[in-house]
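Below are two complexes that have subunit A in common, paired first with subunit B and then with subunit C.
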Partner chain A sequence: MSAASAGGGGRWASTGYGALFYLFLFGPLLIMTGTAFNSSSFPRLSPWECFTTDWFGVLLNDRRLMDGLWTSAGIGLGVVLIAVPMGLAGALALSEIAPRLRAALYTVLITPVLVPGVVLGISTIVFWGQVGRALGMPTTGLFFDGVFLTIAGQVTFVSAYAMLIFSARLQRFDPTLTEAALDLGASPGQAFRKILLPFLRPAIASAAFLTLLASFENYNTTVFTILADATFTTALASKVRYGIDPSLSALAVIIIALTLIGAITHEAVMRRRAAILSGRAARSRLYGHPAGRLAVHPATILALLVALAGLAVWQGSRYDSSACRAGVLEERRALQEKLMQEQRARMRQTAPAPAVPTEPPAPGGNGSGFGGAFGSGLRPGGSSAAPAPTPAAPSPAAPGSPPPAPGSNPAPATPFGGAFQGIRPPGG
Partner chain B sequence: MTRDVLLDHVTIRFGSFTAVDNAYLNISGGEFFSFLGPSGCGKTTLLRCISGFVEPTEGRVMIAGQDMARVGPNKRPTALIFQNLALFPLMSVAENIAFPLEVRGVSRKGRRKRADALLDLIALPGVGDKKVYELSGGQRQRVAIARALAVEPDILLLDEPLSALDLKLRQHMRTELRAIQQRVGLTFIYITHDQGEALTMSDRVAVMNRGVIEQVDAPTAIYETPRTAFVAAFVGETNVIPGTVLAQSGVQVRLGTPLGPLVGTAAGGRRYQAGEAVQLFVRPEQLVMDAEGPIAATVEKEEFEGATRHVFARAGLQALRLSRVNAGAAGALGPGAPLRLGYDAARASVLPASDGGGAIDAGLTA
Partner chain C sequence: MSALAAGLKGFAGRYGPGVALFVGIAVTVWVVLLITLPQLAMIDISLRGSGALHGGTGAGHTLSNYAYFLFGPNGQGNLFDVAILLRTIVAAVAVTLIDVVICYPVAYILAHVASGVGARLMVLGLIVPFWINEILRAFAFRIIFGSTGLINGLGTSLGFLAHPVDFIGADVALYSSLAYSYILLMIFPIYNAVEALDRNQIEAARDMGASWPRIHWRIVLPVAKPGIASGATIVFMLTAGALAAPQILGGPSSLWFTQLVYQWFNEAGNWPRGAAYATVLLVTCLGFVLLMMKVFRVPIGAIGR
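This part shows the complex of A and B:
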């Protein structure tokens, strides 16, 4: 009896622990996802103002970010095309070399991963600059081009990632297969193309994916090598420096959705392969039946997910939150009006005295880095003890008035200008 | 001539370790030739040397009268069946078999036709579209043979191809392999540590020990007239009786042993000095109950194994073993029963005792 209850307690404890663990992992993502759909101009869940999809529009209209996206894509492609073959060559060299030299070669190949990205970035600029000058190249030449330098800088360490992936796969390769191919009359080149390369195909796919990601998300090296240009990541970083708004949450939602679609499709592929390999496929009810087989085919699942995502995008693009937002503004103005009247009443009663102590300091007031975002007039009676009759911060313009074109002015005059910019979604 | 292999004083060293020591051997075309020896004696190394994966440190490998030095494995008229088969896991059975044709640029249709013909040859018609992992061990074995035959080699090299199979299948595949060899008429060079395989299939057997080829002979000669103590002990069961030479006349040697004076035959016509330490090897089936026999012993126990009964006896400190056919007359022998044993002196070998006593141990434990 007591043992059973203890067991029950243990189960509760472990369930609770598990819940906490997942909350820790996914809580931030969930909250961020929520904030992408709140019309509040600072990313938060409460107070909840209006459900809106306008932040996605704000995101897509940010020119600097979108230009950065294309630059990143170009750089990523270049890095994949160079780093994957280089990583493969390194892994092959490691597996072929005499064991005594292997450790030394491994250290040489892996060092760029261990060197801080900042150092790689600076040394890339310095090195190619030297080479360019030695060749008498003008400063508009290739070796002074941000995209070229970024590819060169990223390849140095990204190819080591690719090499690690290929090494892991190569360790499971049975070298007698290559010998068998040679023995059966294949030239070394044929043995490589027809035996080793097909075996490495999954590793090539993962290496390409991983190098693309590594290139895309790299900041430390890229921020130096990109020079005057900007990649998605560096553009994002400079945007955040000017303050954050929920369009970043919208970006997170897009990334999470893409990741989920990819992960679910990948899982479907793996399950299908496992079922076929184990021979379970023919016997299982799901895989044995033609309709079931079609239903769980990765292509079907991918198509379904893409269709769902498309539907969500279409519905979202049609959703209009302007009525609700106007209501919120109206409410806020009424509240402000009421507060001001109370204040006036109080001022008439008491002698003019500093009213500060009665007012709690505004949470996250203007002293904080994101103060602009907090102080954007959303909190009634917030930041000033003696509120001016005008509403704080950006004047709540009538919905539908043209927004100040987000992104068109990447360096606003005030440090917090970015936070005020784009609060009102285009056409909102 | 075209399918001959000559190992011309081949020595293969890895660093200071000698894996194959001065092998001299001529294998003629169309022969089923086996290398027999315990694990680690250098059989695989020698085979890899013939197929071109290992260059001899000294000596030459000649195939069809041509020196094979610096001829790559893909240029030699050999095909090797690997110990683990090395079938290509990502290809279908037909693609595996047609691989040698694919690399030679044979058209897809031509490849398929040849693959189907080879599948018929190995009695596995209709499995061409299966994946390799869908086949049983014996089927994979045969697919590996078919793939090697697709090369149209002059010499087929087989590295313990049956070791992964179960006993029944192994015995079946022995007959099968021999039949395939006779059908295609190729030179088969076969490696095994299983004496049963070597003796049943081969035209000739080379027994190897620690990189040295100790004897090359027909299976019956290997079994009945071993030239070294290692061969005598490694191939088949045997009783080893230590002794010293008393006298020799012709090939007949008289020796003094703990069991009294015995007679044996000097293997290979060797001459012995009186007083030399030797060993007398008598096969269990040669040791028979004989009232006139020279050896007095007592039964310790008897084991029944279907067709034969194994009798374990003792004469003083010497353990003896005899095999009796389980025919009508042979009744059970109780423990402690006295025995008189005799043997045919012409079929009992006398070999020098110094001849690799340790090697015998290695052979028996392998």
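This part shows the complex of A and C:
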């Protein structure tokens, strides 16, 4: 009784914990996806301005990123071509040598995964630079080339990923298969090509995929080894560091969509294989019927998903948010106008005696009085992002009030900037 | 070496000399040309004076770059850089502990509670965020925690925050992002270890009246220990060596040690000093990991399994 209730409680607790955990895992992705479709030029969800697909266009027109994409693709190809065979060699060596030496070799080969990427990057360019100089190579030579150095640096640790995959697969290999082939008269080369390699084929595919991804994603090593060039990831990083806009969210949406398509197709392939292997497929009516068989075939599912994505892209490219954006702009202008009117009325009330020239500002004024006036005018509006305390006294001749520092964010640099910052469009 | 040769000989007998040659050459190139020599080159240049600014070999060897790290430009002690190193290590330990706490229950659920479609969906859900670029993950946390970000926007408009909180300056965004980024690398080693546990042991302990905390402490945790050690090592090393997330999410006043390395190397153009700082980082991190393994009695072969 108590055990049953504990089990039930445990199940509830684990369900609740799992839900919270996946909320943490997916929350950032969902938020990022949402910001990709908001026309606000800072990536945000709340104030929602207009639904737009323009950020995808901005992304595709980013020359630096797109150039980096091609550089990354070349590097990725090179890394896969070198790291997969190298990882295979490492795994084969580990499976073959004496146990005592195996631990040592394993430690050496796995170290690059643990070593900080910064260290790998620095050691790579220093080493190849020294080799190049020792060979009397000009500084335009191969060993001073960003793409070559990046491939060399990435292969060092990416090969270890491939090696781990091959090692896991090799552990399930039955060596008597090779013995049998040799006994039946196969040459050693044939035994390798016809027995071991086919057994490793799924591992080769996943190793190639993982190494490509690792190469593409890598930042820490690449940012050193790429020198003056830029890969997709380093271009992305410099973009994020020096000012962010929602086109990065659009990129995330594209990556998430591709991942989901890939994951669902992979799942379909796995299910089909399991169904066929277990013999369930032969009995099931779904697989028995030609139409049903076609419907659950992974290729059909992939085609369907690609078609859906294509439709979304087509619809998105035709969507025009300019009317809505103009509306938002108009709304802001109206609000601004209203605030200015209120301000003028208040200034007339507070300082009635001298004829205060509110607009245009007095020739001798440095404009800060104007900014101060808006600052004080905005505060009663109850705006959340209150500007920094600018002089509240709305006197135009405020000689002591310094002009707002250009770098300080909350202080409005221009009256317009200040006014815009205070306004929250409705519905946000 | 002789053992290696014997291994290769066995290989040649089974798969032919061509394969043995390929394995021998590939592993040698990897170990010597890609792993060992570059590390030695880095240590070598870190021992050169400023005559070797851009990778050239200046006059003889000197310890001046390491002395600079410890004692600063005028020999009075370089509290600033040493403090950054310590802070990086402490923060990496904190992120690692957070990940252990978050991931241990998930790994246990995945291995022993969930089943069938639910378990497959859970694994899929773990992998999807990991596919997203590291830079974009940091970017997402900037959207959430920025001064005009989601939490501050919601908080101020709903009224439970009087004024925006500086999450970036307080490094909340950075730690969350780092913990988020390496969750998968913590869960899979723990999962692999816990999965090997025989469920009957849990049932038996429960039948004999053990409470859930006691079952986990006495039965599940000992089995999970190698997995936790493996995951914690990977997460610690990656966190301490992270560069992108601190660059994007770090507060203006707080630096990660990798950023110092980056500054010396790329911005100041002082390769020897950058290499010296990188060596300091490497030695400190590896030393710390080895120390922890000694303390918790975990063999190094457990890593990555």
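In the analysis below, the second predicted complex is superposed on the first by the 331 of 428 C-alpha atoms of A that agree within 3 Å, B and C clash if a C-alpha of one lies under 4 Å from a C-alpha of the other, contacts with A are read in each partner's own complex, and residues count from 1 in each chain.
Following the convention adopted for this analysis, contacts are C-beta pairs under 8 Å (C-beta built on N, C-alpha and C of every residue); 3 or more make two chains touch, one makes a residue touch a chain.
Quick caveat, the model's predicted, so the values are computed rather than measured.
Following the overlay on subunit A, a side-by-side fit with no clash is recorded for the pair subunit B and subunit C. Of the two partner chains placed by superposition, only subunit C is touched by A:A98; subunit B is not. Contacts of A:P85 after superposition on the shared chain: subunit C is touched, whereas subunit B is not.
Within the superposed three-chain model, A:G129 lies in touch with subunit C and out of touch with subunit B [touch as defined at top]. Set against each other, subunit B and subunit C differ in how many residues of subunit A they touch, and the higher count belongs to C. Shared-chain residue A:G185: touches subunit B; no touch with subunit C. When the shared chain is aligned, subunit C comes close enough to touch A:Y106, but subunit B does not. Contacts of A:P28 after superposition on the shared chain: subunit C is touched, whereas subunit B is not. Once chain A of one complex is fitted onto chain A of the other, the partner contacts of A:D174 are limited to subunit B, with no touch recorded for subunit C. Between subunit B and subunit C the least C-alpha distance in the superposed model amounts to 8 Å. Under the contact criterion defined above, the residues of subunit A that touch both subunit B in one complex and subunit C in the other are 182, 187. Against subunit C, the residues of subunit A that register as touching in their complex are 3, 6-7, 10-11, 14, 17-18, 21-22, 24-29, 31-32, 35, 42-47, 85-86, 89-90, 92-93, 96-98, 100-101, 103, 105-120, 122-130, 133, 152, 155-156, 159-160, 164, 178, 182, 187-189, 191-192, 196, 213, 217, 219-220, 223-224, 233, 236-237, 240-241, 244, 248-249, 251-252, 255-256, 259-260, 263, 267, 384-386, 409, 424, 428. By the touch criterion stated above, subunit B contacts subunit A in their complex at residues 51-53, 72-74, 78-80, 82, 84, 86, 88, 90, 99-100, 102-104, 133-134, 147-148, 150-151. Residues of subunit C touching subunit A in their complex: 3-4, 6-8, 10-19, 22-23, 26-27, 29-31, 34-35, 37-42, 44-45, 55-57, 102, 105-106, 109, 113-114, 120, 122, 124-129, 131-144, 147-150, 153-154, 156-157, 163-164, 180, 183, 206-207, 212, 233-234, 237, 240-244, 247-248, 258, 261-262, 265-266, 271, 274-275, 278-279, 281-282, 285-286, 289, 300-301, 303-304.
Subunit A makes touch with subunit B in their complex at residues 174, 176-177, 179-187, 190, 194-195, 198-199, 277, 279.
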